[in-house]
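First chain A sits with chain B, and in the next complex the same chain sits with chain C.
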Partner chain A sequence: MQEATVAVEVQLPAQLREFVDGQTVIEGTGVTVGEVLRDIVGRYPALEEGLGLKGDDIPKYVNIYLDDEDIRYLDKFETSVSNGSQVVIMPAVAGG
Partner chain B sequence: MRVESITELIGNTPLVGIHALSPKPSVKIYAKLDGQNPTGSVKDRVAWNMMRKAEEDGILRSGDTFLEPTSGNTGIALAMLASLRGYHMKAVLPDNVSPERRQLLEMFGAEVIPSPGEEGSNGAVRMAQRLVAKHGYVFLNQYENAANVDAHYSGTGPEIWKDCPEITGFVAGLGTGGTLTGVGRYLKERNGRIKVIAAEPPTGELVQGLRSLDDGYIPPIFDRDVLDSKVVVRPAPSVAWSRRLLRECGIFAGLSSGAALSAAIRYAERLDEGVLVVFFPDGGWKYLSTGAWTGDAAEAEERLSQIIYF
Partner chain C sequence: MTFAYKIPECQTSPSDFSTMGGLSHVYFAQTWFDRMIAHVIAGLPNEACGLFAGTGEQVETLYALTNADPTPQSYLVEPREHFQAFKDSREKGQELLGCFHSHVRSQAYPSMTDVRQAAYPDWAYVIVSLQEEVSVVRAFRIVDEQIREISILVKDISVEDTGSHVR
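Take a look at the complex of A and B:
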């Protein structure tokens, strides 16, 4: 069964807003997190470099969450999205 | 119990059932209360292990000055040990931690060097690296020091395994990654089916001072592969679970403990059965000023969104 393309909100950190005309939340469509991000990058090409996207790897210093779960431990960019899902991008930060 | 030095009281912390908070009776939840360490946090283990290793290696000698970037707990632990063993300590501390953390550091004799809060712990690490390069201070560096992971691999992990060999999942907050890496490795070597879950705070608005995502920081000691899942836990559930712990279990734990518990509950909801151990790195004392237990919850959540509490 073909999964449905849905529109998903993506929340961007301060460091990426200059690439999307200052927006903090931006909508993208797709079946997977990767497709949603590619849809947004298609409209804001500078975001690709800002995010450090290269190939299929999630950039080292970036955490991408789907409904609060880090997609590195789901199916990475292939993680399926559904109606009402929320994608949040954050810089990796340490504590201690 | 009778000991000759406070350092003998580091580690061997209790594991306490908090099953009343489990979403289902077939999932048991135990909390490892590391706030019961001498300075009130897990970091006594890390600080003591790093200091002993540095002394053995001849890196740290009586009268030396060492410097450490810290969001609080590691610095507090190191400051206490430094005063015991005759070292001078400088702590690079983001200026947006709770005031209690700063007070405790100064109380134990550390000199606090504030770093810009909007750069988070990452900014503190970078400032520490610059100061070490310039002044030649001894640098234990919890983010890169294998003795951090080893404190958990040889201490915390075996303690959990001894007290709870039926464990199926371990849940802890992610700061340096020392607890998760050390305990996770140890437990998985004992039983490869044990799952390791990390909880982390939302970092977005706290670190607006970082210029780009390349300014992010992954502690070199953190082994991402040891995790099976990582979830972000926001201030609201962190406060809510800290309150429930206090009222329903009598446990006064810090806010990152509330965050770890929230992640454990989320995980427990998906299980048919299991035995989870949730790691509580400190008690609530250092966060009283946030009003997390005493005031309006929404106001406490707002305050938490402005400070580093991991």
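Take a look at the complex of A and C:
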């Protein structure tokens, strides 16, 4: 049975808000985290570069959490979302 | 145990922040400051790192965290610990104000890597240089690859010493 598309709340960090008209929380729809993000990027194309999203890999310096779990430790972009899920995007804290 | 350190006088005028907004100072309780220094020394020979949270410009919680990219020239705050600190600070009614890391062999000034990877323009980036016997500590804002030093003030006040480690 095909999973249903749901609407999911995505929290963005301050430095990405310029790409989404200043919004801090934005809604995306899809069956998986990847679909939700593609939905948002479809409406705000500049966000793709802001997030560093290219291909199927999660960018090294971006952490994406679904309901408090890092999707790297779930099914990555194929992680299923459900009604009421919350996605949080947090750039890594790194340097040298 | 406390360690010797010095905080050079900040060379940035507060007016330099007129177009940047956000933090122009960061205040630490002595307890948190000492813990930060102890954490980066414990991380030798590699860089060490952590986060701090609070309200306004006052640090109220320090998170001494794991360096997930442990070398003498790199750090990466362990992502799950980063998220735990984010949640913990929110539950306390605080917000993450900044991060700290050590420079093992260089001065307390943002490296090119620090600047390129600075993802939080509102944060204070505290750098502890361990290249000399006495640690040198400075803080910066990094906005659009522009570096501005901000003042660090250490206050001898008591703090509730809880939740400083989330790992």
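As a convention for this text, the second predicted complex is superposed on the first by the 93 of 96 C-alpha atoms of A that agree within 3 Å, B and C clash if a C-alpha of one lies under 4 Å from a C-alpha of the other, contacts with A are read in each partner's own complex, and residues count from 1 in each chain.
Convention: a residue touches a chain if its C-beta (ideal position, glycine included) is under 8 Å from a C-beta of that chain, and two chains touch if they have at least 3 such contacts.
A quick note: this is a predicted structure, and the numbers were derived from the prediction, not measured.
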* Asked: Put the two structures on top of each other at chain A: do chain B and chain C fit, or clash?
  -> clash
* To do: Tell me which partner A:G50 touches in the superposition: chain B (first), chain C (second), both or neither.
  => first
* By residue count, is chain A touched more by chain B or by chain C? -> B
* Partner chain(s) touched by A:G22 [first = chain B, second = chain C, both, neither] -> neither
* Could you look at A:G96 and tell me whether it touches chain B, chain C, both or neither (first, second, both, neither)? => both
* To do: Quick one: classify A:P59 as touching chain B (first), chain C (second), both or neither.
  => first
* Touching A:G84, do we find chain B (first), chain C (second), both, or neither? -> neither
* Asked: What residues on chain A does chain C touch that chain B touches too?
  -> 13-15, 61, 63, 65, 68, 70, 72, 88, 90-96
* Using the touch definition up top, name the residues of chain B that touch chain A in the complex. => 43, 70-71, 73-74, 120-122, 125, 142-143, 173-178, 200-208, 210-219, 224, 227-234, 256, 308, 310
* Asked: Residues of chain C touching chain A in their complex?
  -> 47, 49, 51, 69, 73-77, 79-80, 82-83, 86-87, 99, 101, 110-111, 113-114, 117-122, 125
* Over in the complex, which chain A residues touch chain C? Could you list them? => 13-15, 61, 63, 65, 68, 70, 72, 88, 90-96
* To do: Spell out the residues on chain A that touch chain B in their complex, using ranges where they run on.
  => 11, 13-16, 50-52, 59-63, 65, 68-70, 72-73, 88, 90-96
